[in-house]
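The first chain written gets the first letter, and so on, giving A, B, C, D, E and F; residue counts start at 1 in each chain.
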Amino acid sequence: MLTAILAMVVLAGLFGLLLGYAAVRFRIEGDPIVDQVDALLPQTQCGQCGYAGCRPYAEAIAHGEADINRCPPGGETGIIALADLLGRDPLPLDEEVGEAQEIKLVAVIEEKDCIGCTLCLQACPVDAILGAAKQMHTVIRDECTGCELCVPPCPVECIKMVPLEPDLSHWKWPAPDDSRDAGLASPNTSEVA
Amino acid sequence: MSLPLTKNRHLHRFHGGLHLPDHKLESTLLTILDVGVPPLLTLPLQQHIGHIAEPVVEVGDQVMKGQLIARAEGFVSAPLHAPSSGRIQAIEERPFPHPSGLPTRAILIETDGLDEWGPLPEPLPDFEQTNRDLLLERIRWAGIVGLGGATFPTSVKLSPGKNKKIHTLILNGAECEPYITCDDMLMREQAERIITGLAVIRHILSPNECLIGIEDNKPEAIAAMREALKAAELEATEIIEIPTKYPSGGEKQLIYILTGEEVPSQHIPADIGIVCHNVGTAAAVADAVIDGKPLLSRTLTLGGDALKQAQNVHSPLGASIHWLIEQIGGYKTQAKRLVMGGPMMGVPLRNDDYPIVKGSNCLLALSPEQAPPEEPARPCIRCGECARVCPVELLPQQLYWHTRAKDFDEVQSYDLFDCIECGCCAYVCPSYIPLVQYYRYAKSEIWSQEEEKKKADLARQRHEARQARLARLEHERKARLRKKKEALEKRGAGKADDPKKAAIQAALKRVEARKAAQTATAAPNGDST
Amino acid sequence: MNRRAILLAGLILAGFAFAGTLLVVGTERLTAERIAQNQREFLLKSLHEVIPAEDMDNDLLTDHIVAPIPELNSRDDIMVFRARKQGKPVAVILSPVVAKGYGGPIKLLIGIYENGTLAGARVLDHQETPGLGDQIETGKSDWILGFRGRSLHNPTEKQWKVKRDGGVFDQFTGATITPRAVVKAIHAALTYFTTHKERLFDAPAETRHKAEEDDD
Amino acid sequence: MTEYALILVSTILVNNFVLVKFLGLCPFMGVSRKLETATGMGLATTFVLTLSSVCSYLANEYLLVPLGLEYLQTITFILVIAVVVQFTEMAMHKTSPVLYQVLGIYLPLITTNCAVLGVALLNTQEQHGFIESALYGFGAAVGFSLVLVLFAAVRERVAVADVPEAFQGNAIALITAGLMSMAFMGFSGLVAG
Amino acid sequence: MTTLVSSPHDWGRHRVQQVMLQVLLALTPGIAAMFWYFGWGVLINIVIATASALGAEALMLRLRERPLQPAITDFSAVVTAVLFALSVPPTLPWWMTVLGMLFAIVIVKQLYGGLGYNPFNPAMAAYVLLLISYPVAMTHWLPPSVLSKETIDLFDSLRIIFGGTPPASGWDAITMATPLDQMRNGLGQDMMISEIRESPVWGDFGAKGWEWVANWYALGGLWLLYKRVIGWRIPVAMIAGLVVIAALFSLGNPESYPHPLFHVFSGGIVLGAFFIATDPVTASTTPRGQLIYGFLIGVLVYVIRTWGGYPDGVAFAVLLMNMAAPTIDYYTRPRVFGHREDEHE
Amino acid sequence: MTESNYGKIIRDGLWNNNQALVALLGLCPLLATSNTAINGLGLGLATTVVLLLSNTTVSTIRHWVPPEIRLPVFVLLIASFVTAVQLGLHAWFHELYKVLGIFIPLIVTNCTIIGRAEAFASRNPVLPSALDGLFIGLGFTSVLFTLGLLRELIGQGTLFAQAHLMFGEGARGLTIHVNEDYPGLLLAVLPPGAFIGLGMLIAIKNVIDRRRAASARTVKVAMPVREANANG
């Protein structure tokens, strides 16, 4: 009985020392997972996920506090990418947070209505709005992420979200829907013998 | 694998490929018809790969045939010339032959029927004595782009760079797609023009040898070309009959057949010392150099059973399909599908109201019997037929599975971007899976994701910069407040004349200062950046 | 400070080891008696399945020898338990006798009365195909009970075979190999017993309780 | 020599730990979504299993048996394993980030892989010697890794299949494992006894 | 906006349905031979299996709310059923056939999404299920008609299959172990091969009757090859794998290890090589992968036959390699045009 | 901790976060010992006891253990409990002990136990932790029992075949033979049957969950709350 206890206590004590030593000797800082997760988020910074931007959400995911399906701008592809990275199962987008938007939007300020209050400017998380107090503001189209955060603060409701018009250089082939009969409508030839 | 065909040349056989019913006889019964000038010409500004051309005329301007109407913007670009004389009716968005159906900016010319030439540059018949740069400049001016379908500016392809020695020049007369016969007819009827063009290109690149590859289902073309070649007495130039197999006309495939060399993935032929041109391109080069004429027209095949009669036509660029079809007798039946290009790679059109462009080599009006079956796709049974016929030795099936799963990294690891979209895989698939569409979808999806990624990175930077700035502002504000407070207190302390009180005040201040210093170091992020 | 952390880790772990071990050791103390008892009972029960307790008055578990008997196919030593009544030999139990079955060795426990008749046989362990060869288990069929009362002369030497081979013992549908092997092994055990009877009964008992170790 | 070969064949194929003996199933189900991660897990497990097989053999032979403390096997073994794994993880994390990238994230998962303790217990049950123990551990791990990798590849294929909704994910994965185990029954009887 | 169609605008004439029909057609010589040697049971099994397979397929499509067309008429379930029916003994009780087909279609095929998605060969999975669960019924065959004194007519067959009642003379009189089983049992009793082969059962290579069935299957298989429905790699590699390893052992000790040709002409090798291992859905798809896949099936069949617990290993070997096929595919991608040789290795 | 939180712990343990069906943990004993209902029940209860003990203890000591030795300490404690339970079974349920074999010591590595210790007990007070341990254990046991029941029934057509192992000889009568002629489907009691059976159970749970979610959703849509919110 005594030998048993003694043997175990000594063994465990030694192991404890070993691990304690290892913990001190091999200490590391930082968490690379957060960066990896953040890199996959769309950086719209819209807060729809319920966090104060993409990075906080990334932190929550990395620490296992949030599901991977809460980012509407990232959409399905984003979820799949996250699932891949983290070895989790892809989930459908959480209904709570909203719906994935197929069409990209950008903010446009109706310039003649703008009173130069700078409220939108303060709201924009990526500094995509140019302007100074009492002067007309404009959105830098290429830098707007379409987060819509500037819309509610505007006191004169002069900010509109408009869809990005498709053009030739941004046109994408649609995903085949596996049924070939759709869209095979005959072309309109103007003359038939 | 190689099989001896000509005296001393071994032809190489690429993996896969298809023996398709070629349907070429129908359109080779009649000679090329010159259709003349339509009342309206629609000239999209983007008929080539590269930068869109910039109009140099304005609505209402009168233009002459051959007059520059849009200039090239940047190195990889091509100018446009008026194919006939007339008045600029409009410069506006017009539909153009592209799978998206999206419009692009185009110049519309209302022709006056006179077809009056404007001033042309001086012809250069003795090009062999002419400076190469001058010749290149001429070709560039003429707006010549690859007429084999890719519409890449020819002058760019002909300037491979100082350190790239071109040892082999290849003329592509394979014309492997069914129905298309415009190159065939061109070779039969205008072989000398092609050979002259070849001679010009050869002078520019000075390769060791020139090879002209023609599929063996075009004996007349081969004969005509042989004759013209003999007449021209070009050295180290050979016309090679290659076995008929789709897609032997693909640039990389043809190069492999003729030389056994593989163009490495993501490289261009010039990287291994080879340049390949379509025969029509060569003919256009001859026009530009010998006659000083820009590219104003092209030969194309009008085919398909929905037409009364299939025929090749010589048409000005910008003519509408509808008008062209009328010129050769019109439709026989309602077309089931209209295709710009061949049945394997062509772009489906919504109607016949599109103009022909530099890259249009064929227009098919397919009758219901010729059009694809209207069956829904079934699940892939992994039969492997697609892999057996893929000329690039891809695994089309895997590309398909991973595309369906939207696992684009994996798709790329299966070399999606080596796919030449030849359509062989989809052709043989017993389950009618629109494989090529999956690949196109995957490609454009990957491109757009890359773009979005770039945009996201930019947004992240801006967001982080903003947060840093806000933090700094906040810090500064606090610092200002503190200073103000301190200043106030100092004044208060000055007023207090009780030395004891002052001592206490000073001590308190010291404590406060120390505290402030501590908080400042504890939040180092605050004042960095 | 680091050294303190290291020491602390060691101490905590040792502390928990102390507590854990204490628990285990305590339970062990508490149960040791019963476990040993269980094991003995378990063994006795299986032995008494072949030879009823009434037939003997000695302690089977102590009166046994351990011998290598290559004739009975066993790689390991075979335990021979000896049943006596008033000091006179009554029967032996051989364990394990090994038969070469379809899927691997079949371990048998065989009891033989002093007069050479079979007291019974049981399967200890086998790897025969479930549904086919496993009919030799008592739980699956009564086949193995049929050996009770047999001896080298009942049936005759020639008939110590399965029916298909011209003997008297049934085979199972679709599985001849298993019964064939069992019959052969039992026959071998009988033969061995008859020739070595004296030695088996007379050898001095082993002191070590190998039986109990095997039990785990 | 043949004996050693038989141990390997037996542990890898006939008595495959996962499909026949039912050990190590949680990582088998959990880390088999992607071929790549499965390969990493396989490598890590092979390393740990061999090592802990040897360590627990030593602990048993030179600590428990001499002191007559066999009933403390479970505690001792699991302690040894936990310490070995944790130490390896910490050391690897610090000293070889590359290796850690490949194996590190799987290491903590392995402590609770019952194959590891199973190997140690089976080793003492079957009274294996030193080399036998090492081989047994190694063979078991190779068998584990083999089926893990094959399973992961099959799962990748099944992931894009048109599986009925109720069966998507774990359900169909288990059924796949069942069919694999059925196939493995073909090996039964291969190494008799 | 209308949905886009993409090129190509023309399609080949090969269809799934025709592929399956061609497979069935290629099986007819083998079926006829089986009928000739083993009687009505073969055909009855085919009918039961086909009916239950189609029933199960329809049921599952209903449950999954999928259209019955074209899944029912693509004949894939029929191919599964026929291959299964040809692999089981002609006296198999009807409910076992039904059970096997339910398992094949419902669990092995439809739970994965139906044709094209199943990673395991349904027919072989069903075979293994029954072999494991009912080994007695699954290993007792009628002797080929060239050997048996007693023939079993249609009525008897129906009674056996549906009633489970043996004919007057009893089970043991009308059934026998398959040649492979007999060879195994003989070898298990330490007999020499020449001894074993003294029995009148044996023909030139394998057992009388059985070897001819194999020949007819081979004929159908060659036709499939000619029609390009299957590729040469899997059948050739599979037979090569078996022959190579069998030859190695047989040359070393011809009295304990049967001749390679015995192996080729016994059991399910020929049927397996041409019709089962080639199932496109479950086999490896890359050229090199198919060679490996086939070869290993051959080797595994030999290993299981020679040292394993089951007399024939074709079904197991096929399932085992089905399991490995995705991994093999992954590591044997062909070199893509314009890439270096070693890029994906 | 409020009432509803306890309710949630119970619901999670038994159903929503059932370790066997959802988290897919503790599979080895689950599959290995579920060939009969009684085996399953036996191991399930043993596991529950260990879970209860380990969760309670871990929660009690959670503040004293530095992270680098957390895992060894937990594992050590669990191993002690398991060994104690093992010895107890050996003493009082000898036959069951022999049938369950190596899977009793393997309760130590049942991923559920260490998983709950890490995920729940080391972050929550004692009472909820104990509750969590108990109900996670019961949830696990119920799956083990159900799976055993099904496999036994399909595989050999009996129910509670080994009741005497657990309840003593008197319980032999509990065994039910469903139909004497039932041929049995051996596959069910063999390893493949375990995997496939569990797969089926999970699918059934999925179906039930989905039904419930669907009905919940229709209720939600029926309420006009959403519109009011949208306008606000």
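The rule we apply is simple: a residue touches a chain if its C-beta (ideal position, glycine included) is under 8 Å from a C-beta of that chain, and two chains touch if they have at least 3 such contacts.
Because the structure is a prediction, the values reported are computed rather than measured.
Chemist: In terms of C-beta pairs in contact, which of D-F and C-D ranks higher?
Modeler: Counting C-beta pairs in contact, D-F comes out ahead.
Chemist: For which chain is the distance between its Cα centroid and the global protein Cα centroid smallest?
Modeler: Chain nearest the overall C-alpha centroid, as shown: D.
Chemist: If you take the mean of the Cα atoms for each chain, which one ends up farthest from chain A?
Modeler: So the chain farthest away from chain A turns out to be C.
Chemist: Mind checking the centre-to-centre distance between chain A and chain E? Centres are C-alpha means, answer in whole Å.
Modeler: Distance between chain centres, rounded to whole Å: 51 Å.
Chemist: Rounded to the nearest whole Å, what is the centre-to-centre distance of chain C and chain E, using the mean of the C-alpha atoms as each centre?
Modeler: 43
Chemist: Based only on mean CA positions, could you tell me how far chain A sits from chain B in angstrom?
Modeler: Chain centroid spacing, chain A to chain B, equals 33 Å.
Chemist: Two-or-more-chain contact residues of chain A, please, as numbers and ranges.
Modeler: If we look for residues of chain A contacting two or more partner chains, we find 4, 8, 11-12, 15-16, 19-20, 22-23, 84, 173-174, 176, 180, 184.
Chemist: Multi-chain contacts in chain F: which residues touch at least two other chains?
Modeler: In chain F, 66, 68-69, 72, 76, 79-80, 83, 87, 184, 186-187, 190, 192, 196 touch at least two other chains.
Chemist: Any chance you could list the residues of chain C touching two or more other chains?
Modeler: 5, 8-9, 12-13, 16-17, 20-21, 24, 28, 102-103, 131
Chemist: Spell out the residues on chain E that touch chain C in their complex, using ranges where they run on.
Modeler: 133-136, 139-140, 171, 185, 188, 309
Chemist: State the interface residues of chain D toward chain F in the complex, per the touch definition above.
Modeler: The touching residues are 19-26, 28-30, 71-75, 78-79, 82-83, 86, 90, 108, 111-114, 116-118, 121-122, 125, 165-168, 170-175, 177-179, 181-182, 185.
Chemist: In their complex, what parts of chain A are in touch with chain F?
Modeler: 12, 15-16, 19-20, 22-23
Chemist: Can you name the residues of chain E that touch chain B in the complex?
Modeler: 1-2, 4-12, 14-16, 18-19, 70, 74, 76, 113-117, 231, 280-281, 283, 285-286, 329, 333-339, 344
Chemist: Please name which positions on chain E make contact with chain D in the complex.
Modeler: 63-64, 107-108, 110-114, 117-120, 125, 128-129, 132, 300, 303-304, 307-310, 313, 315-317, 319-320, 322-324, 326-327, 329-330
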